[in-house]
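A, B, C and D label the chains in the order they appear, each numbered from 1.
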Amino acid sequence: MAKTPLRIGLIGYGFMGRAHSNAFAKVGNFFDSQYTLVREAVCARNPEAVSAFASRWGYASVETDWRKLIARDDIDLVDIAVPNNLHAEIAIAAAKAGKMILCEKPLGLNAKEAEKMVAAVEKAKVPNMVWYNYRRCPAVVLAKQLIDEGRLGRIFHYRANFLQDWTISADLPQGGAALWRLDVKAAGSGVTGDLLAHCIDTALWLNGGIKDLNAMTETFIKERKHQLTGKVEKVGIDDACAFLCHFNNGSLGLFESTRYARGHKALYTLEINGEHASIRWDLHDLHRLQWFDHRDESRLRGWRSIHVSDGDHPYLKNWWVPGLQIGYEHSFVHQVADFLQGLESGEGARPNFRDGLATDYVVDAVLASARSKKWTKVKQVKG
Amino acid sequence: MAKTPLRIGLIGYGFMGRAHSNAFAKVGNFFDSQYTLVREAVCARNPEAVSAFASRWGYASVETDWRKLIARDDIDLVDIAVPNNLHAEIAIAAAKAGKMILCEKPLGLNAKEAEKMVAAVEKAKVPNMVWYNYRRCPAVVLAKQLIDEGRLGRIFHYRANFLQDWTISADLPQGGAALWRLDVKAAGSGVTGDLLAHCIDTALWLNGGIKDLNAMTETFIKERKHQLTGKVEKVGIDDACAFLCHFNNGSLGLFESTRYARGHKALYTLEINGEHASIRWDLHDLHRLQWFDHRDESRLRGWRSIHVSDGDHPYLKNWWVPGLQIGYEHSFVHQVADFLQGLESGEGARPNFRDGLATDYVVDAVLASARSKKWTKVKQVKG
Amino acid sequence: MAKTPLRIGLIGYGFMGRAHSNAFAKVGNFFDSQYTLVREAVCARNPEAVSAFASRWGYASVETDWRKLIARDDIDLVDIAVPNNLHAEIAIAAAKAGKMILCEKPLGLNAKEAEKMVAAVEKAKVPNMVWYNYRRCPAVVLAKQLIDEGRLGRIFHYRANFLQDWTISADLPQGGAALWRLDVKAAGSGVTGDLLAHCIDTALWLNGGIKDLNAMTETFIKERKHQLTGKVEKVGIDDACAFLCHFNNGSLGLFESTRYARGHKALYTLEINGEHASIRWDLHDLHRLQWFDHRDESRLRGWRSIHVSDGDHPYLKNWWVPGLQIGYEHSFVHQVADFLQGLESGEGARPNFRDGLATDYVVDAVLASARSKKWTKVKQVKG
Amino acid sequence: MAKTPLRIGLIGYGFMGRAHSNAFAKVGNFFDSQYTLVREAVCARNPEAVSAFASRWGYASVETDWRKLIARDDIDLVDIAVPNNLHAEIAIAAAKAGKMILCEKPLGLNAKEAEKMVAAVEKAKVPNMVWYNYRRCPAVVLAKQLIDEGRLGRIFHYRANFLQDWTISADLPQGGAALWRLDVKAAGSGVTGDLLAHCIDTALWLNGGIKDLNAMTETFIKERKHQLTGKVEKVGIDDACAFLCHFNNGSLGLFESTRYARGHKALYTLEINGEHASIRWDLHDLHRLQWFDHRDESRLRGWRSIHVSDGDHPYLKNWWVPGLQIGYEHSFVHQVADFLQGLESGEGARPNFRDGLATDYVVDAVLASARSKKWTKVKQVKG
């Protein structure tokens, strides 16, 4: 049976552009689908650089204006991998053009933008997804299965943090190509939208909605040279953020993220404590899941370190053999595989834009609480 | 040279009474001092039980009324190992009687009590100490040395939690001998005074004072049978507590404790992130310290797991040989050794009652903030 | 500058055929080279299955007779990914046809075969390499760098094991497509050639040649049904193997492999103890290297767990960002990248067939020692 | 009920003299018995030093000649904690004097001596025990329980090693008080009798007798200054030793010990692989047991890290509360508690001298095999 081609137009070719392209290239080797992904075009402002990228990754053509890309008839799917401040405009235009849309996280610069994006894709009825890739780590999916099977019982605690240490030096500038995440205009916020958004997305998926929260943020280095202006400017992003919260299910949450935790490169950890069992996971050893089951025989209870590499673990039958680990990039491959599966079944894939909006509501509440220094209700997504 | 005998009167013979007695019995075997500890008397209400305890632990005599114990001339030091609601009365009486005092933590049922206790011992000028024993784990002392040497540079983050899971069953009653920690009248609070107090004491020691904080508490099981009345009664303690804070040195703090974290028996963990280096420790492997130093050669940076069992590690030259671990009880032995050393030097030992008051100020602020749902300033100890 | 195409003919499409194809497909996305790999043809006996494989992996054509593949002018490089008993015949024919050759490990069924293979490629002067992929795990390469820099000083000990548990059930048959590794005719030996060969290759690379050794082997399950004959037949392979040895540098070696170590899926561990420093690595967490340096300050010595994911770690600047791990399959990508680099520089890549022969000499000595129950000299590769 | 006093005469006051004394002092505080231990006398050649030791540890009297100690009527039990070359003579004399005997390991300088020691105690019918203390670590006892319950099924593999690094410096002298373990005359052998003997004792206990073995030993530093003669002398001990073996139950064994494994202070590890389950333990974290059970649900299999500190773990109900670890010294306390229990029940305690002889047979076979370079049968203990 001939496969249906799905022609991709990628916008942006930075770190995420590479991660997505790798996923587009690999998914067909490892996952069956009625669709074939075609790397049709890649778009970025610098013509030489985008051509080199296209050549390396096998994109058939290049564009330097994203509006032109969206206007092309030979593009079925627009993949948005540019700084946060461009997500909304591009996504809304792409929706109007009837394209399927994959969008990097966080969905909007803020929830207001995200609401418009949701409205646009829902009006246009185009398939849409947000790249919260950590939902697709096999160990995290295994956690989801265990929770959905009711094995944890009543949930008491959820805690997550995302710790990095790459911005500690005061000499690091802000803004520009590689450092747009330090520029509040491009990023919207600091670690809250960049790192905590991941923690929040996973938490909403695993543990349901957040009712209210109380946050603090901090900017340790107050001024940095800006690469676009060449001047020392005030830093507008948050360097660190932590919040307490209540989930709708009555459990307590504790979240933290920072880029000032010396010794942690990208340590995203999460832990859920239930009446009967608990789960822990961390990104630095993403191929393992820690599992404690109180129903085990008393003398023999202990945290199990599950090497998530067996054929009956999520996604793993498509890869190698037991004991051989996969890594970070595979979470993106899985996300694409699930997107294709969602197209095939007609049920769509998650997190979609509506799920991305839910996370943006939490992010907005976090930033509002940090400003007001008060407990803040979180707006819930309807439907 | 003949040693000076120090005659101990122990009040209470529960879990802590045993831990203290073991420390009194062992310290002379492993640490040199001009003092010899004499287990002179132990006091508790049940005459048979206290006699059995005295026999097992070598106390020369017994009392069933703590006032009589304090009145005895042959007692130099009163050790208070009874529920929290009795600390203040006993300690103040003992101070008036001119006794040295060791008191279990937390110092008072609340800071108001603790203030009176401080006033009493300072007026009486009697040596005093609070049993925050985790300061004496060799790995924690090593952490203190590294911090004091300035190796971490500017501190950005301090986080600590104390996780247990022993009260999850709703069938567990409250109150009475073994379960007074669940009875708010005896304990004053739940995990805040019991577990977080430890985390706070260590934090104040390692990272200085806390400026303000924002807390939440939760009682998951609202009613439990009370062992003293036989009736189902409302539970007054907090089952879980978490707070955000600012330290005086500008670093951010995140604290949590609970008795509902399935899989953790008594997992006290702390982590400090500084500009140059970071430290982690946990009580379940108390003989190890995790150390990350950014000044290590770039390719070879990594968290070092230091097996704190060498002769140049704190207290360890007094024990066995490298590689052979000591355990929980040794923290009490060290505390006694340091108390004796403080007597000998005339400088006293820490944490003294004034330090215990500082922790009580934080505990009070935590409980107040949880009630008011507001950021709350922490009262600072003067002097 | 136009790139030189290198047209690949792959023989075999099992587990290793997939791993190699993935490496061929990805290497150009992540590593620069003047060569472009072209997946020209894949060969296997089953026409339907090989066509499906070709379609999935983008091979332009298929063959069902390896002799025809080798005879084709449009094939530059022959990749041998078939059972061990076919390596020699194919490799020798490919060498005669002037093809570059990549060959799965172990090189020959035994050293005698391997000697002929070395002679053939050296006579034909064709580039050649053996797929001992674990040399290309970044953490293992980092270990090699540290050893080459002399940081360990005099070496005292080398120990390695490769532990699996997948053949414990007596119901597992031997022979046939997926289970040829249990059939002595196809595999030559059991764990010795399959697993220990990996340990030996790495050891020779990291620690130099082995002088003599003393081995034992065991076959725990003596008979298994054979899938090709349908009958219960004697098992000819070794289920477990261990040996003691002396390296040429005076250090002691201890090696073990088994498929009967319950709980271990594919746990390849190695440790090297030197005068000044030690190294540990294991395949279940292949993205980490354990490093102990006695020259660290005494109080702070400890095993460092290095998360090998930084830009200054081997190969890592070509992948993602610090903290984001790569996995098993990347070792094959690196091997291809290095092979291309070796072509470009004219210096070739290692392990070449001559290195593969060195490992076969050790494997032969291990099997001979196990039979004779005597210390056995290991034949050394000349040149 | 009045307790029966058991008057101890300790010979030797080095590291082991301290460890034993601590156990004698503590056991009554934590374990019930009809016996009371009385520290009656301690014996060593240096009068000042032995008096100081007696004072510190509460021994009522001192002796400087062990023969006098044995001759005393007020001594019920002789505890031998002197270098290996004195064990036999003292033990045989003590047996003749009708004393109960506790003897440090290894039992004799060699099996020939040990045979005489067994004959002496069995003729005299005196209670006897060898201080192989690691049998009494709670985690190891838990392992024993699991094996005895048949949970592992058929055993395939047993491996153990004991790795240290304290003799790497060539400047370290041999002989004299603290370094008699490096002097072959005092120690009999090097790591084989000192470290491997522990591994062997535990193995025989957990996995039954060893049938035959094949060993290698090495002395890395050939000459060291001797502290007694002041001259550089040939080193007679083995610095490292490894052996392969077959157990009587058909499983394979792999043992190694060394004092040249940089980074390991006293790392005794053992692992047992059975058909259904596996166990791992190491002395550097002696309070944990690693347990893998293949009968766990497939998706959730993993090594469990059991924190052996609960009331239903061996010995633990006598100590603290869950989560609070005990350490090295407690293994000695348990050994004394079990000895007293064996007296009370009349069944004796293990390992007795006969068990110690079994280990000496293995040690002798190891040394013989290393000399002959041949597989060597192990003599079995009768009865």
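In this text, a residue touches a chain if its C-beta (ideal position, glycine included) is under 8 Å from a C-beta of that chain, and two chains touch if they have at least 3 such contacts.
Note that this is a predicted model, so its numbers are computed, not measured.
**Q** Using each chain's Cα centroid, which is most distant from the centroid of chain A?
**A** If we average the C-alpha coordinates per chain, D ends up farthest from chain A.
**Q** Name whichever of A-C and A-D has more C-beta pairs touching across its two chains.
**A** Of A-D and A-C, it is A-C that has more C-beta pairs in contact.
**Q** Where the CA atoms of chain A average out and where those of chain C average out, how many Å apart are those spots?
**A** Chain centroid spacing, chain A to chain C, equals 36 Å.
**Q** Which integer distance in Å separates the CA centroid of chain A from that of chain B?
**A** Centre separation, chain A to chain B: 42 Å.
**Q** Where the CA atoms of chain A average out and where those of chain D average out, how many Å apart are those spots?
**A** Centre-to-centre distance between chain A and chain D: 55 Å.
**Q** What positions in chain C touch 2 or more of the other chains?
**A** Within chain C, residues 264, 301, 303, 307, 310 contact more than one other chain.
**Q** Across the complex, what residues on chain C touch chain A?
**A** Residue list for chain C touching chain A: 15, 19, 21-22, 25-26, 28-29, 56-57, 164, 166, 264-267, 283-287, 307, 309-310, 319-330.
**Q** For chain B, which residues count as touching chain C in their complex?
**A** Per the touch definition, chain B meets chain C at residues 142, 145-146, 289, 291, 293, 296, 298-307, 310, 312-313.
**Q** Quick one: in the complex, what on chain A touches chain B?
**A** 156-157, 159, 163, 165, 168, 214-216, 218, 220, 240, 242-244, 246, 252, 254, 256, 258, 260-264, 273-278, 292, 294, 301, 303, 373-375
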